[in-house]
Amino acid sequence: MDFAFDERTEQLRAELTDFLTRHVLPAEPAYAAHVAEGGGWDSPPVLAQLKSEARRRGLWNLFLPDRRFGAGLTNLQYAPLAELTGRSPALAPEALNCSAPDTGNMELLAGFGTPEQQQQWLHPLLAGDIRSAFCMTEPEVASSDATNIATRIERDGEHYVINGRKWFSSGAMSPRCAVFIVMGKTDPDADRYRQQSMVLVPRDTPGVHVRRAVTVFGFTDRAHGGHAEIVFRDVRVPVVNVLGGEGEGFAIAQARLGPGRIHHCMRLIGMAERALELMCRRVSARVAFGKSLAAQGVIGEWIAEARVRIEQARLLVLKTAWLMDTVGNRGAHTEIQAIKIGTPAMAEWVIDKAIQAHGGAGVSQDFPLAMLWTQARTLRLADGPDEVHRMSLARKELKRYQG
Amino acid sequence: MDFAFDERTEQLRAELTDFLTRHVLPAEPAYAAHVAEGGGWDSPPVLAQLKSEARRRGLWNLFLPDRRFGAGLTNLQYAPLAELTGRSPALAPEALNCSAPDTGNMELLAGFGTPEQQQQWLHPLLAGDIRSAFCMTEPEVASSDATNIATRIERDGEHYVINGRKWFSSGAMSPRCAVFIVMGKTDPDADRYRQQSMVLVPRDTPGVHVRRAVTVFGFTDRAHGGHAEIVFRDVRVPVVNVLGGEGEGFAIAQARLGPGRIHHCMRLIGMAERALELMCRRVSARVAFGKSLAAQGVIGEWIAEARVRIEQARLLVLKTAWLMDTVGNRGAHTEIQAIKIGTPAMAEWVIDKAIQAHGGAGVSQDFPLAMLWTQARTLRLADGPDEVHRMSLARKELKRYQG
Amino acid sequence: MDFAFDERTEQLRAELTDFLTRHVLPAEPAYAAHVAEGGGWDSPPVLAQLKSEARRRGLWNLFLPDRRFGAGLTNLQYAPLAELTGRSPALAPEALNCSAPDTGNMELLAGFGTPEQQQQWLHPLLAGDIRSAFCMTEPEVASSDATNIATRIERDGEHYVINGRKWFSSGAMSPRCAVFIVMGKTDPDADRYRQQSMVLVPRDTPGVHVRRAVTVFGFTDRAHGGHAEIVFRDVRVPVVNVLGGEGEGFAIAQARLGPGRIHHCMRLIGMAERALELMCRRVSARVAFGKSLAAQGVIGEWIAEARVRIEQARLLVLKTAWLMDTVGNRGAHTEIQAIKIGTPAMAEWVIDKAIQAHGGAGVSQDFPLAMLWTQARTLRLADGPDEVHRMSLARKELKRYQG
Amino acid sequence: MDFAFDERTEQLRAELTDFLTRHVLPAEPAYAAHVAEGGGWDSPPVLAQLKSEARRRGLWNLFLPDRRFGAGLTNLQYAPLAELTGRSPALAPEALNCSAPDTGNMELLAGFGTPEQQQQWLHPLLAGDIRSAFCMTEPEVASSDATNIATRIERDGEHYVINGRKWFSSGAMSPRCAVFIVMGKTDPDADRYRQQSMVLVPRDTPGVHVRRAVTVFGFTDRAHGGHAEIVFRDVRVPVVNVLGGEGEGFAIAQARLGPGRIHHCMRLIGMAERALELMCRRVSARVAFGKSLAAQGVIGEWIAEARVRIEQARLLVLKTAWLMDTVGNRGAHTEIQAIKIGTPAMAEWVIDKAIQAHGGAGVSQDFPLAMLWTQARTLRLADGPDEVHRMSLARKELKRYQG
């Protein structure tokens, strides 16, 4: 159980820290202004510059362990880098071509795609030229139970015909979002975990209706392509568009979720660190009732408690990364659930305190705190709500003592 | 300590409940559509209809205890009515001409305004023809300590000259917002609580710059006139525009805050009730892992705990209202602080659980939950953060046992 | 909904306050010394004096609403008096002959006892001459589900034969505890809620084995007769010893629990008040790092939060008392559950903070805090654990919105 | 940052696990019976056997890194072993001669003692023949601020004369407790951190009055020598009895506290694991309302949350141990504070849930839970209350961003 950062990691951390300091953080006001002006459903121009600079520095596709396509880092190597991007989550992950949902989609295409699928979709994604969406959650059912998914994917000769309604398809409002990975039922009568398949659907396929943007606590997440509601009505794609094979949808979804969850957790550590730093700076600078906010006892309680919680959460994320590297994603399943339960709640708590310490400024657009909070809060229910993960983890724990 | 609702209250409750059921709740989708389409900085057309209907039913200016101008209800009579409006906080309070900050501003004009000030500003406000803003909070200082306020109001012959920067001036983005009540220092050398004055500033006065809208967790609060940042640069108004007298600013602010705080708390009870109802309906309708969400043990915990917390908070709000009616706002100061501490936190907790039970829908615009949560959360820091109220309450408690 | 205290209540409050100040609180050290010396399983001599004085002052059997036997107070009249006794829970309730489990047992005998049963057991209990125990909880089963109870009560001619094992039979270690009310199954094949009966068992009946004292967080509760484990082995009592009729056990238990629960909650308010007072006094008197503990910010947070929670809990207890008086115990069932959920948790929180503010002294025998905490904590699981009450309350809440 | 257990650690873990399984856990009932019978102020006979067996297996003095006297383990090697002893904290630590306060006292004697002091006191302690107490906390002052300590140690020729009152001197009720390390002021006029000294006081010195046992939530902790209040009245000891030199008291106390705190935290991890195991077993075995407690949703929440919290806390303890080994105790100061804040609270939470899942049994002597809880709770205030550690940690955090 060795979490020490090796030489390559330390070098990338130094490079990334420099990039953040010189380029990303200074770009935040331009980004905020773009959002404030209600620009289009895509990233502001500054991101193109950041991407170019990141690529030049070798900070590109760090998330992808597959050496054929990505940086070939282990999870333990990637963890501290992803954490750093969490300090500026609106800009840094995309600048490094390491932002969800493209990362998960690239992983699927790298792992399960045919050479043709990789040629058509993976390479433009790796180059940061197009974006992609993952269409799984549905408004009509409790999607935390994947067997509830109702979208139908019916075979008709050499085509699949797709009918259904999806939402929270992040990124899909962006005009650069060129392809959707759609999960649906190809065989409702099959075994519970063999009913689903995933199919690649080009955005411009007839019958695809991107209906509207779903907001998140008032945020449109506009500059990242928002969160779309999409109706698929008699959408026809060739059968070669299936990803990994018919009936593989559930298994592929599971494979996708492990790395996706830990990447979220890594970034959440950085988000909490950013919030703690902002809180420390703010309370040192403001005075009320004759002394600095930092000297008001309860603020110190928050700061200390935040530090303890961040340290604990980071170590469990690192251990999970190390486990994934050593025993595989499946072997780290319990730990992945544990960090999915613990990390968003930790970050939510820390950011909430930072908001409180900022007063009105904390809920406003002048600080990233409200946006950070929203992301942490949403991750308590996205990718499976806490309650589902807790029940699953508890079952495993109980089994250790039952017969 | 009698909290029973008298005949008039019961009659108004019945009337208001009918109004909510027949008119307000059915208007929520139209309102949401207006917001989604990013309309202007004012209420959608449907509100004009609701206001007309409310007025016809005698549900108008219920908040104002002053019989010369308002409905003449006691706080205890108004409490259950304000609670009901909290069930649809985006529409109902304004429909009844009972929405902040106009309510507080009307109270000030009714209590401290000259006949001329009342003629010019109070009557159009009572008629719902114009709106108003209250300019107190400043971005540069910790405004929870009112002595920090830096805006200068300098006498120059028969005028005051105002210079300063305010923000979170709610409603001020609305073109119908015709007048600002501005708090600032007329005498920085006076006794700590005599330095401040309040001055009426017509919106169209030269030097008034409404610079931008501050967002709250991504929400613009557009249909209520948003929350403005306003710069006052050499703004000149006649000295007769002072409210209540020079040096009275702090005292008037205190007078305004008591009723304002309890009104917020009354509505928060209704907001929590709405969230609980939405949660109950949702978990009864959704199924995951073979049983309804309502049957998953932890959801029941939330529902029961929510009910207990709501009941407790409501009783303390009612007791506070009763106290204000019997011993005056000053005599109820401790209780007002107590509900300001307890009620937003209660509502935030209940709404958070309702959001979690809704999954992605809970954070979206399809349910009022994200907006409700944002209001509850913001009230933990608006009108004085929890921490300031707690310190003050603790000092009073400690005094009981100190020699 | 009128919670005002009437004249009789105010007069009794004054009398009781005087009694507490002059007699009960000054007797606490003698009581503590008795416990420290590990005296026998009965109250120390000082209690006899307190009982005599209480009786002389008319502060006797206040809990019993039945005018034939007790003070004839309503629940709303009794509530503030029971709260006061909670300030010194080791002495005051027993001094007034208002301590559990005798109170509940007297209620049962008053409500369901035959004249002979009343003659034999109720009158000596009312006089404070003997004590009694209630034998319901069993070590082998989850007794929160009353249908689990396994003790058998079999009819054999004119006798019942009892076999089973009970524990947490409070008071039964006392030699003055003369009679046990035993709950068990007379008809395991009957309808779920008709299987149980209650039978009066004199302590000296052959086959009754008081085996040992169960401790509670290390406390023996020695001076109140402790908490006994009792084995009933072929214990024979005449059939006339049945209370209220065969098959009535479940119904009678329910009747007993309502008042029992609210009495606990009333006293818990007083316990929390006592803890808050001790905390305020302590933090005013102690200095660390150059200023009084009271001036350390986080202590103020505790004090304010404690005050808010106590006020809210008290009001819900008063409302529940008022409801019981106006619509009956059954009509107040939901509120009784609500206070059973909310009040012990509130008191536990307040006392925990008071302990922390006292440092080592807080956990020691030099202050009543550790004992108070233990009682509050235990009431989160005694008389039905929180979780069972929450599930039941949630079901009722959900029904309002289902079909 | 490598937390992997090396070969020696794994071997000792296996040995210790075997010892726990075969000897310690089976001895718990005998221990409980001894306590129930209210034996004397010393360990029951079974401990002598356990000590002998532990010594035979090489499980002796594992805590002491100094190879001259102890096992010479690093903190990282000792951590998992101390955790295991926490599973049976009443027996295992003492069985291995690794129980507080003797461990800390032996460290002081090993590090600061003269050869004569080591000969007289350290060697018998290492052999487990005598016990020792650490007399620092005083009833009259807030001892969390060490400068408050009021005990006077005055030089009188070749002797020190000690006057003062101490309490919570753990172990001192035991007749085998032969020596006290007393902290007091030798020079009240010296620099703040040079006023204190530590002096060795044999128990039988005239003027030493062990007055009484302080209880902890009702527990006497009898079998570990309890917690004594001791009055020192004109107690004279030779000046050679000073430990480490005059004025060194504060520095030595700091040196003692680091290892002491992490040892407590290591054991708390084991205590939490024990509680979680007991909870899992209990809820699997009990049925209420037609299904096992394990199937009631909220119990699963507790189990999962407990697992997440334990894992996080353990990792931070291991990191702290690793840091102490690599950069020294002083370099790990912040981390030691972090685990002192986080670990007792974690354990308290887990044990509380386990108690709740056990119902009445949880608070009784039939399970170790009530005792475990008491220890966890007490560690939130012993060795410096959470609040003091949080303020100190916050100051350090704030400094990173100030000037």
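Letters A, B, C and D mark the chains as written, and numbering starts fresh at 1 in each.
One rule holds in what follows: contacts are C-beta pairs under 8 Å (C-beta built on N, C-alpha and C of every residue); 3 or more make two chains touch, one makes a residue touch a chain.
Since this is a predicted model, take the numbers as computed values, not measurements.
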Interface residue identity across copies subunit A, subunit D - same or different by half: same
Selected pair, greater C-beta contact count between B-D and A-B: A-B
Inter-chain centre distance, subunit A versus subunit D - centres from mean C-alpha coordinates, in Å: 43
Between subunit B and subunit A, distance of the C-alpha-averaged centres to the nearest whole Å: 36
Distance from the mean Cα position of subunit D to that of subunit B, given in whole angstrom: 53
Residue list for subunit B, restricted to those that touch at least two other chains: 296-301, 387
Subunit B-touching residues of subunit D, taken from the complex the two chains share: 296-301
Subunit B to subunit A touching residues, read off their complex: 36, 38, 137, 139, 141-145, 148, 167-168, 212, 214-220, 286-289, 293, 296, 298, 355-356, 359-366, 370-371, 373-374, 377-378, 380-382, 385-388
Interface residues, subunit C side, partner subunit B - complex: 1-4, 276-277, 280-281, 283-284, 294, 297, 299-305, 307-309, 311-313, 315-316, 319, 335, 337-338, 341-342, 387, 389-395, 397-398, 400-402
